[in-house]
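Several structures are given next for inspection.
After this come two complexes, each holding chain A, first together with chain B and then together with chain C.
Then we have the complex of A and B:
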């Protein structure tokens, strides 16, 4: 298999792979941005004392976590046109990825917020801060610091999950490999190159996560 | 029109249940095999000899870095190049097993490392060999820590099994995909698919939460 590994064809397809890498990167970046917003929103809804908000966030989070992303992706891809909402494939992909990741981020942020001692909230209340001010100035800065490694972990998952949008024919990294495999009948070269590119992204993110963790440990004493 | 589509969806319910059975079967088999593989690799991960820890770390890193979709393409399209032709079902089961095994090995390794060193030292002092230590002292204690994330991992496994539909295995996601070509009501069809997954996964997520609470309660 490896004895006749054809590097020349990989070089020939390199522009396509780089295009795919770029698409994977920006689709993941936009999705993680929206997912963060959604996650923080859903989390604060879930922790609020209003029953309705709490339930809505609960239903959102649980339904996203208990169903596969692929089913969600198809749900939006085949379902939105019947509601006369026309999004293109990339927009549908970003929508599904953000909604899916948002639910996981809500749980991560919640774990971070719960880990902040009650005394912090009480002190904030004693200073006369409102709920939003407490969140903005006291709880969230601390909670997000603790959760950065978990959030980077979720980002890694999101980058991997973004490979699924190739199934609704968005040209990204996995799709580039599929194209090469089918055009040249070279699945070995195609898919191993794709795997190598994903591993590069993975190790960069893992390195960032380690850096941050070391910083947290360093700052503690 | 809705009524008509709804009726024909009801008529194709048996297909969905057949798909659900395939989903349960493929994830059930890989769940058992993946747990066995994960426990073995997780124990190896904590062994500091013969580079075992490094090899297992590389295995886990590879699986955590490469999407499952690419992984299943590698198993299904590249193995034939070296003369191993697999049907979709075994290919899916093998891919899921190897994938879940990596994640489970990380969970098991973390659980084993959470057992205090003194326990092992005491066992050595009692004259237990490495296997007996693992079997009677370390693993039973690690198991409590391992169980909640392990159940969580099973949920991920069942959800990841939806991706095997791309190599033509007729699981519940693929049944949905086939049905939506006939009944063009994506919300209805994939709503049903979602409900079927939810029915399996939600109790497991709940179980994982309960176990987690129990473990943190015991620790106090």
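Then we have the complex of A and C:
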């Protein structure tokens, strides 16, 4: 199959692909950052004993997980301007990706937190730490450690999902492929190249998560 | 120092503490023993409000602990608690385990907290383990770190919940030695344990609990040599033949 590839055109479009790769990377990176913040926050709310916080977090998590990302994206893209909230396409994309992924991360982190033995919470409580201090210094460092593989999976989903923002005409990796496919009628070459670049991002993420895990790793008692 | 007035506690329908009254003087070392499920752990966990009580009053240093207005963080920073399973923080080094609460709760400067922690590790006999992680220590060493962690808050009272029952026999002594020393130095302590040698050596009083009640309390020699209640006798004969 490769022998039939028109590498000359791929090369010609390389600057466009690199631009797309760059856009996909930073849009994903920012979204991952916000998704993590949101996820940890929503998860803390869901595990708190205050009914209102618990419910709010529950509604957020369920509604994000129960509806398609594409619908959410369109909802923000068309809905927010009618509320006089004007975000550009990229901001809208980051908003949708962060909110969507945050809900999944909340559940991943929750699974990590409940896997930490009660004795840890008890020790922290007995030694005067507040709820937030226990989370910050005792529970989360351990919970994040055990959830890194699942978080990595979610980050990869986010990167792949970021291809949806091409539908609100953000120039990122998938959009670059679409352009090449439609301008030169070469969908195979176009999307093959797109896939190859996603694979590159995947390996970078995987490498980073290994570094992260090695930093957090400790031997079990 | 610690006073219980008619304390009652239920877990659902399970009446776990029944009309507990006790008064522990500053500098007193008290041992609590009794069969499994009699409420020993629950009793000491109520003192720092790890468990709430439903009826009665508990005072620590003349402050009523089971009131909404009580500053629990302050209360807990005056009470050291040593768990059966150590409950050290596995992701933190020994030194960090000891300094975490002094820094975050008592707002002591890190330098000072670390100095103090190293002194305490020296005192419990493991000065060279400061930079190790709990998983690299033996059970006895872990429990001594846990004691140092408790002492680092400069507490008025130390509570121990079966501190040696998760340990291999050869490690029990090293932990008990540290506790004996504390008692001799005049620390107020309540120790749930079945280590009768410890009780005889340093306890001022021994309490026997059964089915949520303090059935008998006495000075250790009298307690062991002339138990008054049938239930105490039965219990003691069991643990003594078992030892």
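Here is the rule we use: the second predicted complex is superposed on the first by the 201 of 221 C-alpha atoms of A that agree within 3 Å, B and C clash if a C-alpha of one lies under 4 Å from a C-alpha of the other, contacts with A are read in each partner's own complex, and residues count from 1 in each chain.
The rule is simple: contacts are C-beta pairs under 8 Å (C-beta built on N, C-alpha and C of every residue); 3 or more make two chains touch, one makes a residue touch a chain.
Since we're looking at a predicted model, the values are computed, not measured.
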Contacts for A:178 in the overlay, against chain B (first) and chain C (second): which applies, first, second, both or neither? first
Under the stated touch criterion, which partner chain does A:213 make contact with: chain B (first), chain C (second), both, or neither? neither
Between chain B and chain C, whom does A:145 touch in the aligned arrangement: first, second, both, or neither? second
Pick one for A:63: touches chain B only (first), chain C only (second), both, or neither. first
Touching partner for A:195 - first (chain B), second (chain C), both, neither: first
Larger contact residue set on chain A - chain B or chain C: B
Which holds for A:126: it touches chain B only (first), chain C only (second), both, or neither? second
When the two structures are overlaid on chain A, which partner does A:169 contact: first (chain B), second (chain C), both, or neither? neither
Touching partner for A:6 - first (chain B), second (chain C), both, neither: neither
For the chain C and chain A complex, residues of the former touching the latter: 48, 50, 72-74, 76-77, 79, 81, 83, 85, 87-91, 100-101, 104-106, 133-136, 142, 149, 153
Chain A contacts chain B in the complex at 1, 62-63, 65-72, 74-83, 156, 160-161, 163-164, 166-167, 174, 177-178, 181, 187-188, 191-192, 194-195, 198-199, 201-203, 206
Please give the residue numbers of chain B that touch chain A in the complex, ascending. 61-62, 64-71, 73-74, 77-78, 81-82, 155, 158-163, 165-166, 173, 176-177, 180, 184-187, 189-191, 193-194, 197-198, 201-202, 205
Residues of chain A touching chain C in the complex: 117, 119-120, 122-123, 125-130, 133, 137-138, 141-142, 145, 216, 218-221
